[in-house]
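Labels run A, B, C, D, E and F following the written order; every chain starts at residue 1.
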Amino acid sequence: MAVVVRNTRRTDMAIVDGLAELGVATVHEAQGRKGLLAPYLRPIYRPVKIAGNALTCEVAPGDNWMIHVAIEQAYPGDILVVTPTSPCEDGYFGDLLATSAMARGIRGLVIDAGVRDIATLTEMGFPVWSKSVSAQGTVKETLGNVQTSVVCAGAHIKPGDVIVADDDGVCVVSHLDAARVLDAARKREANEEEKRRSYALGELSLDSNDMRPRLAEKGLIYIAASDE
Amino acid sequence: MAVVVRNTRRTDMAIVDGLAELGVATVHEAQGRKGLLAPYLRPIYRPVKIAGNALTCEVAPGDNWMIHVAIEQAYPGDILVVTPTSPCEDGYFGDLLATSAMARGIRGLVIDAGVRDIATLTEMGFPVWSKSVSAQGTVKETLGNVQTSVVCAGAHIKPGDVIVADDDGVCVVSHLDAARVLDAARKREANEEEKRRSYALGELSLDSNDMRPRLAEKGLIYIAASDE
Amino acid sequence: MAVVVRNTRRTDMAIVDGLAELGVATVHEAQGRKGLLAPYLRPIYRPVKIAGNALTCEVAPGDNWMIHVAIEQAYPGDILVVTPTSPCEDGYFGDLLATSAMARGIRGLVIDAGVRDIATLTEMGFPVWSKSVSAQGTVKETLGNVQTSVVCAGAHIKPGDVIVADDDGVCVVSHLDAARVLDAARKREANEEEKRRSYALGELSLDSNDMRPRLAEKGLIYIAASDE
Amino acid sequence: MAVVVRNTRRTDMAIVDGLAELGVATVHEAQGRKGLLAPYLRPIYRPVKIAGNALTCEVAPGDNWMIHVAIEQAYPGDILVVTPTSPCEDGYFGDLLATSAMARGIRGLVIDAGVRDIATLTEMGFPVWSKSVSAQGTVKETLGNVQTSVVCAGAHIKPGDVIVADDDGVCVVSHLDAARVLDAARKREANEEEKRRSYALGELSLDSNDMRPRLAEKGLIYIAASDE
Amino acid sequence: MAVVVRNTRRTDMAIVDGLAELGVATVHEAQGRKGLLAPYLRPIYRPVKIAGNALTCEVAPGDNWMIHVAIEQAYPGDILVVTPTSPCEDGYFGDLLATSAMARGIRGLVIDAGVRDIATLTEMGFPVWSKSVSAQGTVKETLGNVQTSVVCAGAHIKPGDVIVADDDGVCVVSHLDAARVLDAARKREANEEEKRRSYALGELSLDSNDMRPRLAEKGLIYIAASDE
Amino acid sequence: MAVVVRNTRRTDMAIVDGLAELGVATVHEAQGRKGLLAPYLRPIYRPVKIAGNALTCEVAPGDNWMIHVAIEQAYPGDILVVTPTSPCEDGYFGDLLATSAMARGIRGLVIDAGVRDIATLTEMGFPVWSKSVSAQGTVKETLGNVQTSVVCAGAHIKPGDVIVADDDGVCVVSHLDAARVLDAARKREANEEEKRRSYALGELSLDSNDMRPRLAEKGLIYIAASDE
């Protein structure tokens, strides 16, 4: 038995787009260093920076049938999140599915498996974060769930959670935390801007963050090369 | 003992060039989803799309001697296919060998091992699909076979089989099947062009491929989010 | 207990810059095929080609505190070499640390772990060779050594050894050997230039390097395809 | 900030012990082929077969502090489930922690990281499923959560879910499903016992499961070797 | 379309059993260091040492249907060789299939994928060499070929080739070469027995194989520690 | 050019044997958590626990010639440490070399590559820690150094350093530190014995190590499950 859950909640697009601007590293820090998908997910082209609502899709190994089912459930601004029920590197997704997904307003694909037609996807400007690039085709025989909670690349993702993805990788922000994380991330970025200016002038983080006393307390010793 | 087989058959270049245009994913599907080399073979630059006759070369781990031997056996339009007798990631091939290979009409290299000088190879426009990039040098001590059947990155390749390679990876088409596969691939591509147009207009594959009855028969259920 | 060794020796910048020009593959060959770091270290952008004095830094897994300490010890022309005490792929280094490092004259980073903010690092032109790209943040709790001998990506590196890094990967040249290796590498390059010219004209390495007698002696046999 | 949640629910030990008897493969099938942890988790000795309530513990890379905290929260019959916030293979757990865990009634450890002292743990009869065996020690500097939901080796685990573990690997059964899954698994096993008897007598699954018509319908063709 | 080829040739069981006695390393050497399957194939228990005729079976990822088909084609003395059409680590084979396979005279399983129920398989004495151990179940939806040539774990295997498998791994001997390889392997073993006796008495291979002159000619130098 | 350094220093066998008793985890901790070889080195049989003086040997990929050379340099109580100049998983070492090594007093092998004949090696009681098990044979064509400093599995090892190896893996102790480390390790073990007794009685490390105040200070919060 498999289910498709229709009309699940989405996160407000103003929040989604705010998170997109800030990028993965800042958002991930702002929510307490959690929610990162495994770094083996890599973008097919760079630079790239998007966010969207998670449209989740479970697939059998070597079987992309449910992606066809999932696309119908898309709202504009969704990011398709595909996870196989056991590890697989086949090319589940290519330019035909991308054409269909773009027509439905899907902003990109995060897949814990393989993708193909990446030359065309790059030309089309349809971003994909995948575990592999593989031309290996798939069948359409086995059902899976659409818009249920999944684990993708080591992260727990619920429909309507915010997916943030850029050159550094992919992060998920829970629907419930999204507004709060956006605030925290904006504050973090403002703070970083100040640091960037002082570091560019040669100031050291040892001083601006007052690290020296704690380093000494922990036992750090400075010696001259000749004392070795 | 090791042998070099001279003047092996080649596939007709009209067929080879036809397959190059169609690309790996289409050709692989058209021949029944077989012949793909392992997706860990990645191109050193993108975009790239070529085809050629397989010029096969077995090498010992850490020893590139037989590549020197193989280059002499090239016909214009060949692609050099190098496979070590046990896994190795050393840099077997660099800009000097590429210069020699290009002078002999070789179109590119597929190697289940490493390559080096990739900045220069990229400038030269000599494409390589490899398992790794490594500056690690090799010796010239141990013989291997040239132009015999090999297993390269998990695929069985015979001299004169067609190698098709692009951004998605590498595929082999048997010499005997090449003409038939070219026909099938062209038909597939024409068919895909139609689908692309309808998907771009928002039509769903669920409808155009009449998937709904079979999904229902297998037990797919649609529920509303509030029913969860 | 952890130590920071101050004012360690550096290799003369004229030698360092000479090695940068020659690149990793040539330098590695010229010093007898040793000193290569593991090829899983890949540059975040290409093309790129630098050399510098090793500024070494040991870090705990998931802890980038000592990088802050190491930056203060930089001399202009250094390359920061970071190695975790056990394998880790977290994003130890981002745009803030890069800003600070550039302000101190550091030319790039070699890290046997992860890096983040690679879009910004690419814009800044700060090159990094890393094991992974990951937004995963780190803590500042545990000490490590700065400017002591380390093993990084399988190579033994001492402070002030020369790090050469380009599209092919990363190589270390011992401080003591640097001048001699520069000489040998220049000779090798001159010799390669000659070979490149003759290969471009179609001459075979089998002939120019007189390989045929030794191939025969080892037992290489040439047969015609019809004899198979 | 980090939390320890006290006195979380447990699954009834009669259900837990029933699932232990049936083993991972049967339980996994009975709940619809879900809940399996990644197969890189391997037992340190064999044969072994246990079940228990999940006592979850998040740890920083290279830091086992929270395991000390988690042990205090154990109920007899728990299995400790440890997951690092980013991938790590250090030896988080050895014979001292095992002594403490056994004294508190913990039945075993599932850890998406490394373990050490495996000779002693084997003698003690304290089973561990781990990603690696490593003597690499850890620090005690960074907090994490105890008894909150975690993703461990690709599976979502909540405190009090049932962990079933044997020679084949590790499976999680949701607290809510445990009674139902136990029933289904017992039925499955009874059914398998019948099949085992008939197969031992040479009957084929092709016949007992009536597969031949569907194979023919899908297009399976039998040919004689001489027709090839 | 998929085919089952019936009544393919087998290698004579006297030859097969002779090869079993000699083991993988000796057989592999005797046939010129070829035919080895990738070393990630590991036995589920040790010690173990068998040989048999290859009964080949291609399966889709996550789909074990064709194994049921293949078992019917077995002759006593066969070893089942299963290879997925794209990489997969699922548990394709467990104790029920093993019961059926043993009843049909199959001696063991070589599978470039996963196996489960290994505790029971070990008790039954049914040996398996696999890429992984995983309880992950499979479906029965997609056809594949039985008794056609396959590439399994990097080696090309034809029906009726001899599979030799022991603690060291798995090797294939072509049907055509089997008698000749058995002779060569027996000679090799006899020769090794002599060497073993002399080495046990402290004789060095440097002397018994007269390696010293060639080492010197290649440039090997002996120095005293104090000369370093 | 390659060198064999004769009559290098060894560490006193009383110290070596003392370290053997204590095992890898204890010795590694006692010397400040350094010196561990990568945990992918695994013993071919368990349980096992040895120590010896490092007899180092560099080999080319797929070439075991220098192992023959190294054996002549053995002193009783040595452990052979073999490292390839680039990664290789071939079976460099089998029962013949083990016979010769045992006759010369070598206690075991640590190899960052493959080993074969493991059934016989297990019967002989000759322990090996290796990266892989592989029957793949090697050639004898290329020189390497014997008894020079090497990097093996990520650790820097000098001739005469002490190698400690057991079920948990392999650790190196510098010749210069060996006596001091032995003392520290013995103290550590005595201390652990006390802890073991108190933990077995149910005492918590939180109390015996007074961790509670520091946990609270870092911000650890305890909540009841109903507060979640």
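As a working rule, contacts are C-beta pairs under 8 Å (C-beta built on N, C-alpha and C of every residue); 3 or more make two chains touch, one makes a residue touch a chain.
None of these values were measured; they are calculated from a predicted model.
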Neighbouring chains common to chain A and chain B, by label: C, E
Interface sides of chain D and chain E: same vs different residues, half threshold: different
Comparison of E-F and A-D (more C-beta pairs in contact): E-F
Inter-centroid spacing, chain D versus chain C (mean Cα positions, whole Å): 42
Between chain C and chain A, distance of the C-alpha-averaged centres to the nearest whole Å: 30
Sites on chain E at which at least two other chains make contact: 1, 33, 36, 85-87, 89, 134, 136
Chains grouped in pairs wherever the two touch, ordered by label: A-B, A-C, A-D, A-E, B-C, B-E, B-F, C-D, C-F, D-E, D-F, E-F
Chain E residues within the chain B interface of the complex: 1, 32-34, 36, 38, 85-87, 149, 151, 154-156
List of chain B residues in touch with chain F within their complex: 60-63, 85-90, 134, 136, 139, 141-142
Interface residues, chain A side, partner chain C - complex: 23-25, 28-29, 33, 36, 39, 42, 46-47, 49, 166-169, 171, 192, 195-196, 199-206, 209, 211, 215, 218-225, 228
For the chain C and chain A complex, residues of the former touching the latter: 1-9, 65, 68-69, 71-72, 89, 91, 94-97, 99-100, 102-104, 114, 116-119, 122, 132-137, 140, 143, 147, 159
